[in-house]
């Protein structure tokens, strides 16, 4: 059994574009789902009752439905409903955001609920309005406390982009799959893909851990 | 746009079979991954150094790879490496088991570590061997913390079985998408697929919530 | 049980807080069953009694952190408002110090003390910070201004908390068991700051277990038990010649032998 890794080097650009797409999709969907998740969490924490019910239903539904199903539905079924076709990348971005925002919302909620209630009391006792207290005292601490979970969120986001290969997004998984099929050298190609994903993912959680340990005291009340 | 939802009913047998396969995959994976996870966790914590390092490498490796890649790798590469040709189902099961074992190993390790060292010391001071002390004193306490996480992993696994559809394992996602391809009823079948997963997964998610509330640890 | 105006040497001073028949319930539990108490300007009123007797509850009702279920609380001649916005205006004139300090961990000591003036009083940053620096100096922690709460001892944190309340220039200071969560070595530094405040004429309502402090610094002591005041009077009366059995019981359980 001999391995010939030149298949990797001779298709560097092909695979490279896949890596770029993976990173772009990860970054984009990470940001959008964090933003959406934040808003959703606020709705759940401070919104009127009917909104809270809707939000909880949405969050629990995303715990039940696989990412693959959401992506496939967004790409193939949604255009039939709206009449608009979407390029694969956009469909992947939308699908991933819808799925990941639920997870992000739970992280935000857990962070906020972990802040001591005494902190709000102290802020209110000073004469702050509830809004001021939430903005200036509660949120900064909650953000710090969310950091550890944020690391695993990033990790999951990046891993989920690989599923977008199923709807023809030309990220790394898709490119590897194509190349492995064409070159009949799956071992070399998939080993390379595994290496790349590992190199991207492994430092991510470590880096978040590192940052958290240095700022943890800002959230400890 | 005319919709024909009867296509879902017409293919209910296939969908039911697909659902059964999904459930079988989930159960079988957990049946393998829980004991293996315990073994790997123990290796990481207490084994002879090179073994411990190997165990850690395994865990870190599989926790930092997308599952879908592991599925493809298992399909294309495993037969070449091992010389054994496995059915898609067995291949899918292997990939899932490899992945979930790594997560479980981390869960067990963190759970065991969360029990104060003093508990193990006290047990061993009484004269118990380490294995005995772990079994009788540490693991039962750690279970309180481990169970909710395992429940959560179970629900994730249930969703992840959909990924083995890419290697043509006839679980729910694959079956639904096959029917879609045959009947061209895209919206109906894909929506039905989502609804079936929702019907199966929602109660499981709520059950996990209950388990987490029930086993909430307050020190 | 009401206390007569006799023996109240400072009753000529204006009344800052008046509690009349204050009632507070938590579900089926009656936390306060009709509390009558007057607090005059410049007085140090100490609330003592067993845990769960309602002392802290009364304090939290005073600045509207908890609404009352009956009776009336008057602050500077006007009834305590129910409306949240009006309550906020009242809270600005009251300072509160908590048992668990509740310093804001993401801010330095200076920023903690400046937070009230900045956010609530609308002062600009340099103005708020210079006032904060002055308050920190007043409690003896000028050099700790840039430190975060995690770098301070319990006693230091509580002193910063006092400075934070003082920075609002309140008319009355409310202390909720300020030293209960402190190591014995650091209790003294906090009590000293409180004594200085008292000597300067600050009106204070203090829930405390520190009997020596109540005896030496208090002008009026109210003994609580199961949601009502069983006895109130000058420290000399309470600690040397208590008039009720309950007070005698409570003090003897604390090992207080006059």
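List of remarks:
Should a chain be cited, it is by its letter among A, B and C, assigned in written order, with residues numbered from 1 in that chain.
Keep in mind that, in the parts below, a residue touches a chain if its C-beta (ideal position, glycine included) is under 8 Å from a C-beta of that chain, and two chains touch if they have at least 3 such contacts.
Every value quoted in this text rests on a predicted model; they were computed, and no experiment measured them.
Chain-to-chain contact here is organised linearly: an open path runs through the chains from one end to the other. With every chain reduced to the mean of its CA atoms, the largest distance from subunit C is reached by B.
Look at where the CA atoms of subunit A average out and do the same for subunit C: the two points lie 48 Å apart.
Chain centres here are Cα means. That of subunit A falls 20 Å from that of subunit B. If each chain is reduced to the centroid of its CA atoms, subunit B and subunit C end up 56 Å from each other.
Residue positions of subunit C with contacts to 2 or more other chains are absent. Contact residues on subunit C toward subunit A in their complex (touch as defined above): 63, 65, 84-85, 88-89, 91-92, 94, 96, 98, 100, 102-106, 115-116, 119-120, 148-150, 164-165, 168.
Taken in their complex, subunit A has these residues touching subunit B: 1, 60-61, 63-70, 72-73, 76-77, 80-81, 155, 158-163, 165-166, 173, 176-177, 180, 186-187, 190, 193-194, 197-198, 201-202, 205. On the subunit B side of its complex with subunit A, the touching residues are 1, 60-61, 64-69, 72-73, 76-77, 80-81, 155, 159-160, 162-163, 165-166, 173, 177, 180, 186-187, 190-191, 193-194, 197-198, 200-202, 204-206. Those residues of subunit A that touch subunit C in the complex are listed here as 116, 118-119, 121-130, 132, 136-137, 140-141, 144, 217-221.
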